[in-house]
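Going in written order, the chains are labelled A, B, C and D, and every chain counts its residues from 1.
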Amino acid sequence: MHAYPAACMVMHMEPGKRLSVAVAGASGYAGGEVLRVLLDHPHVEIGALTGASNAGTPLGALQPHLPPLADRVLQPTTTEVLAGHDVVFLALPHGASAEVAAELGDDVLVVDLGADHRLTDPARWAEFYGGTHAGTWPYGLPELPLAGGGTQRENLVGTRRIAVPGCYPTAVSLALAPGLAAGLLEPADVVVVAASGTSGAGKSLKPHLLGAEVMGSMSPYGVGGGHRHTPEIEQNLALSAGVPVQVSFTPTLAPMSRGILATCTARLAPGAAAGDVRAAWERAYAAEPFVHLLPEGRWPSTASVLGGNSCAMQLAVDERAGRVLVVAAIDNLVKGTAGGAVQSVNIALGLPEGTGLTAAGVAP
Amino acid sequence: MHAYPAACMVMHMEPGKRLSVAVAGASGYAGGEVLRVLLDHPHVEIGALTGASNAGTPLGALQPHLPPLADRVLQPTTTEVLAGHDVVFLALPHGASAEVAAELGDDVLVVDLGADHRLTDPARWAEFYGGTHAGTWPYGLPELPLAGGGTQRENLVGTRRIAVPGCYPTAVSLALAPGLAAGLLEPADVVVVAASGTSGAGKSLKPHLLGAEVMGSMSPYGVGGGHRHTPEIEQNLALSAGVPVQVSFTPTLAPMSRGILATCTARLAPGAAAGDVRAAWERAYAAEPFVHLLPEGRWPSTASVLGGNSCAMQLAVDERAGRVLVVAAIDNLVKGTAGGAVQSVNIALGLPEGTGLTAAGVAP
Amino acid sequence: MHAYPAACMVMHMEPGKRLSVAVAGASGYAGGEVLRVLLDHPHVEIGALTGASNAGTPLGALQPHLPPLADRVLQPTTTEVLAGHDVVFLALPHGASAEVAAELGDDVLVVDLGADHRLTDPARWAEFYGGTHAGTWPYGLPELPLAGGGTQRENLVGTRRIAVPGCYPTAVSLALAPGLAAGLLEPADVVVVAASGTSGAGKSLKPHLLGAEVMGSMSPYGVGGGHRHTPEIEQNLALSAGVPVQVSFTPTLAPMSRGILATCTARLAPGAAAGDVRAAWERAYAAEPFVHLLPEGRWPSTASVLGGNSCAMQLAVDERAGRVLVVAAIDNLVKGTAGGAVQSVNIALGLPEGTGLTAAGVAP
Amino acid sequence: MHAYPAACMVMHMEPGKRLSVAVAGASGYAGGEVLRVLLDHPHVEIGALTGASNAGTPLGALQPHLPPLADRVLQPTTTEVLAGHDVVFLALPHGASAEVAAELGDDVLVVDLGADHRLTDPARWAEFYGGTHAGTWPYGLPELPLAGGGTQRENLVGTRRIAVPGCYPTAVSLALAPGLAAGLLEPADVVVVAASGTSGAGKSLKPHLLGAEVMGSMSPYGVGGGHRHTPEIEQNLALSAGVPVQVSFTPTLAPMSRGILATCTARLAPGAAAGDVRAAWERAYAAEPFVHLLPEGRWPSTASVLGGNSCAMQLAVDERAGRVLVVAAIDNLVKGTAGGAVQSVNIALGLPEGTGLTAAGVAP
């Protein structure tokens, strides 16, 4: 699936040694969240922070919620600035990370928070993003159950390149994969409607993202199959199902800063027993510290996972409609971006997977 | 379908005469919204306002947004108080309106904002609400296209009893009915995920409705087919399709006071051409003042319909997934409750349908 | 105070005749709200709508909440386009309205929603806005009590030029003026802290106005006396007090689309009796349809005035601290902009002051 | 000031030893936040969790954002359950903590998150809370500068009883104390207007706290000097000023879950130079890890301190109005409650003050 073999733990964590970590694109929402998560990581020393138009600006003026880093000044995003770190996070616009990564060398763990290295099929890249595909890196969704058994986690051990999943694909794939892997769901007619907080759209200055527009308002976008996360979702689910999966995916914008609530439904496979459904999800996630199938009768909410590296979900079988429903909640910037990224980094480096991460959310 | 024949305009609107209108349950969200809408109605004189535990309280203490009625004191909800009005709106808990209506007589136009008289099938009433069904009244969704041609509007002319639709059924039925009536959608596998503002849950004091809980949070409820609006949606869509329709309906709670965004999908019927889809909706709503299929490229939002008696929608055909998607936005309290109710009252009384109503929303 | 004499009713409203009204700057929040209010005005025919960069765009793409005007196409803001209307509303950036108004002639009622013609002192204009002052027009705050008795209303009768007040000055001036006019408050040490919804900042694309930034957040701005509404507030209050008034004014941005809550305090004047305070406000506003001193025990909220042309207020005397507190709530876009403007237009044209306006808010 | 002498470090932290901690009132917002903060504390073992009506319920059903504690079952709040822990947090209704504390003995560190032990003057307790005062405990606001020099921190070293400050008093006292301690502000006429998220009102089921009511709305409460935090603020500021301080305090409810923005103003003392003001705050907080005077030109926001144990502030001198303005932002549940409590516990136990605490907020 990718060119970077799962080399075994070349990056030794000597006692007391700290990893030096650089973040490219530190002025955006994803970059800021990587920094927030890293501040709690006991083995990390935050090194260079870079930006494009914001180079020269102190981080405190751009990310005022990070007082410990307020006086750090952004540097330009160049290979010179990023070189010499153990780990480099790239929170760059689509298309910008391949070139940077190529120059950093294989001894550096490069973590791409953008979409460039997620898809395996160049045709689908061309269809949804345009241009030439940059290649595929190990995909940072450790808990994803695979068709043949096992999880995506194994592909991350020792890697020096990580493609961090999109936020929607994280929630949707975790929600549906156990049932597809267990053959309980029909892969041909999956319907997903997901609501996202507006940080998912980044800091881009667009009229429809103004506070006055989004407060009190729900609206759809990318309807009709056009959202760029659609092929990524289908790719993940196919890995779990072992066969192609077709998804009708509709994202909506919700009046909140953070959070994704994904409502995912698929038809019960012919012959599958409604009574077997719950057990498949329980098996898949029983030992996972960051994916929680809630006890029956409790429903996930985005508020309860805000700020935490956690995916909470619940399911139901609607026997009249013949469909299984799974609703999953994540914080798009944590489990859906920065927290998931650090989790994968921990795996890649042989650290305990939860190092520096919390499953607890900030609520109410 | 109902016992109240569409008598022709017995309620004469003499020039200058005003209809006297009473509102039972004036302290709740639905009752308050009926009053707000009626304040703009040129032929209405607001009469008795009643409440249960709030009898004796001035309306200003309960509905502070209605200064013109601030000094009106709530009376108890009794037949004596409600008698003698031309129109009586009942914004009462489920199960309470049948008895009141029976005592008011057939010369009074009784408008039930609750669920008691919506369903035609007593078995489904028993299944979803419990107890004995109170009977069926003409259903107040004028624009609903019917299988044989025509709309639900005709059933409202001259009626003295109106069952006001639920808020979700209003949005979902208007979204999908044109395609079902035109035979373009498969009726067997409709999937709907809808987000509602929390006023949809009423003024009930429940922990999960506290501001600190709902702000910044999306969460599902009534998942798995159990929401009481499911049979009402299926009943409406069957009237449009001419055959039974099966709906997987998942409601979610969104961090906003008002509004419903319903994302509705159905498989394209075998043999139906994607190119024919848009025209079916255009035909159905071209002449409707309160249902708007937006021009291509624009998407509805709940903000743009807030406070207005309007349903805005857009559709797309996802040819890869083989599904038609329709997203509809309404204000749950206006087009979804009080505005729709007044629209039906206008029809019943032979007034111009839009009297006292505006399609304009309060935005941003 | 201004060059435009209060000519008596030259604009005859013949029965059935409608005023033709143009709106320059129809794509912004203020312009859109003027249109929303005018749609309910029985004597108005909406004529030309203009924009700058948006000329050529249908209004439906810019103000999707106004379906009745969706197909109107914006024209460029030129004298040719605006000429020939009875009333022209200018919702333009500061500095742009004087020139347009000069060319429209004195037979047209020109209503400036910007700041250009509010201040009477050119020095203060220069200090807070920079450049040369465009001159002063009659100030559209009808209810403002004046030091010598009477109200600002008299200055509006028959005028052909109206300077619409700023949103903060509307709330703050109405809150404090009765006490200053009655000599109950010390004019030397007024302290005001006000919270505004983010529509008050307009549709400008600034990072701190993004939804992800403002939701869940309160922050101050213009602290230390620098906000441009400070001189306007002081000018209004001086008209009421008959002596100069000094105000410490701190505006804050609140996580809501609309609304201003102004908390205003002043020291009780020496010799003034706490027991006399309430009566002064009652006298000032007893007959006003759009300014409401709430009954004791009830407090205003921005939600209850949303969408309505209403200012709700409450007061208290803090005898320990020796201060009178008045808290006033308005919708910044209605009573604070478009509704107040239409109210003044009604006065100028000799129409009943409340024509086309409602005091009812859209709540919850 | 209190009966519990600052005994020197009797509670030895042996290497690897963990403190056992109980939380009484674990189902409320304050109790939940204590648990969230403690989950990150390296020296803490979370022991008994208690509730009143919720005894017997698993925490996961009440605080779904804390997955690591989801299976813990609440016990009744009795001395038996709470005994045997090193530290006991009391998040109980006013009036309930004195009795519990008395039975726990002086070897246990008891931390009262309620108001019972904050005030030093029984007369003011009686005036604002009613009933008999329970006595005064060391006050947990370490950074508060005292009139004679030094800070409140010294009073916390080694204590076995801590009265956690109220949320408003935390923000307001930190905002104004440096200027009062330096004699730069007049103590006689302090005016404070503060906005709070609705979690500040707790989980109480009151109609005005429903989501539909608070979203999009600002409203005042406790106006006129009646809020219970007024005497606590005046007590703190008097400790800093060395003379009595009179405060006009107006709290408002803002449409957000968390956060306090306090706008605090006082007249510049006669003879004080505007140019000296900033330095006083810089001196007071230069070495404080959790109180941040922002660089000039940046303003605090509640979003940037959400979830962090941080107070961000900015000030300005309004020379025209003769007033100093200080605006401070905190998370009411962290620096204003649970984080501040843990900070004081660290001091009391001789741990590094920031153990288990972060100044970083969760934004956007």
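By our rule, a residue touches a chain if its C-beta (ideal position, glycine included) is under 8 Å from a C-beta of that chain, and two chains touch if they have at least 3 such contacts.
In UniProt terms, the chains line up like this: A, B, C, D = N-acetyl-gamma-glutamyl-phosphate reductase.
As the structure is a prediction and not an experimental result, all values here were calculated from the model.
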Equivalent interface positions on chain A and chain B, same or different at half: same
Between chain A and chain D, what distance separates the C-alpha centroids? Give it in angstrom. 36
I'd like to verify one number: the distance from the centre of chain A to the centre of chain B, where each centre is the average of its C-alpha atoms, in whole angstrom. 39
Length of the line joining the C-alpha centres of chain B and chain D, rounded to whole Å: 47
Quick check: what residues of chain D touch more than one other chain, meaning two or more? 29, 197, 199, 210, 212-213, 215-216, 255-258, 300-301, 303-304, 306, 364
Linking chains that touch, what shape results: line, ring, star, complete or other? complete
Sites on chain C touched by chain A in the complex: 29, 197-199, 201, 203, 205-207, 209-216, 255-258
Per the touch rule above, chain A residues touching chain D in the complex are 29, 32, 36, 39-40, 60-61, 63-68, 70, 199, 215-216, 257-258, 292, 294-295, 298, 300-301, 303-308, 310, 312, 358-364
The answer for chain A against chain B in the complex is residues 189, 191, 193, 195, 197, 210, 212-213, 215-221, 223-225, 246-248, 250, 252, 254-259, 261, 263, 265, 267, 299-304, 306, 314, 316-323, 325, 327, 329, 364
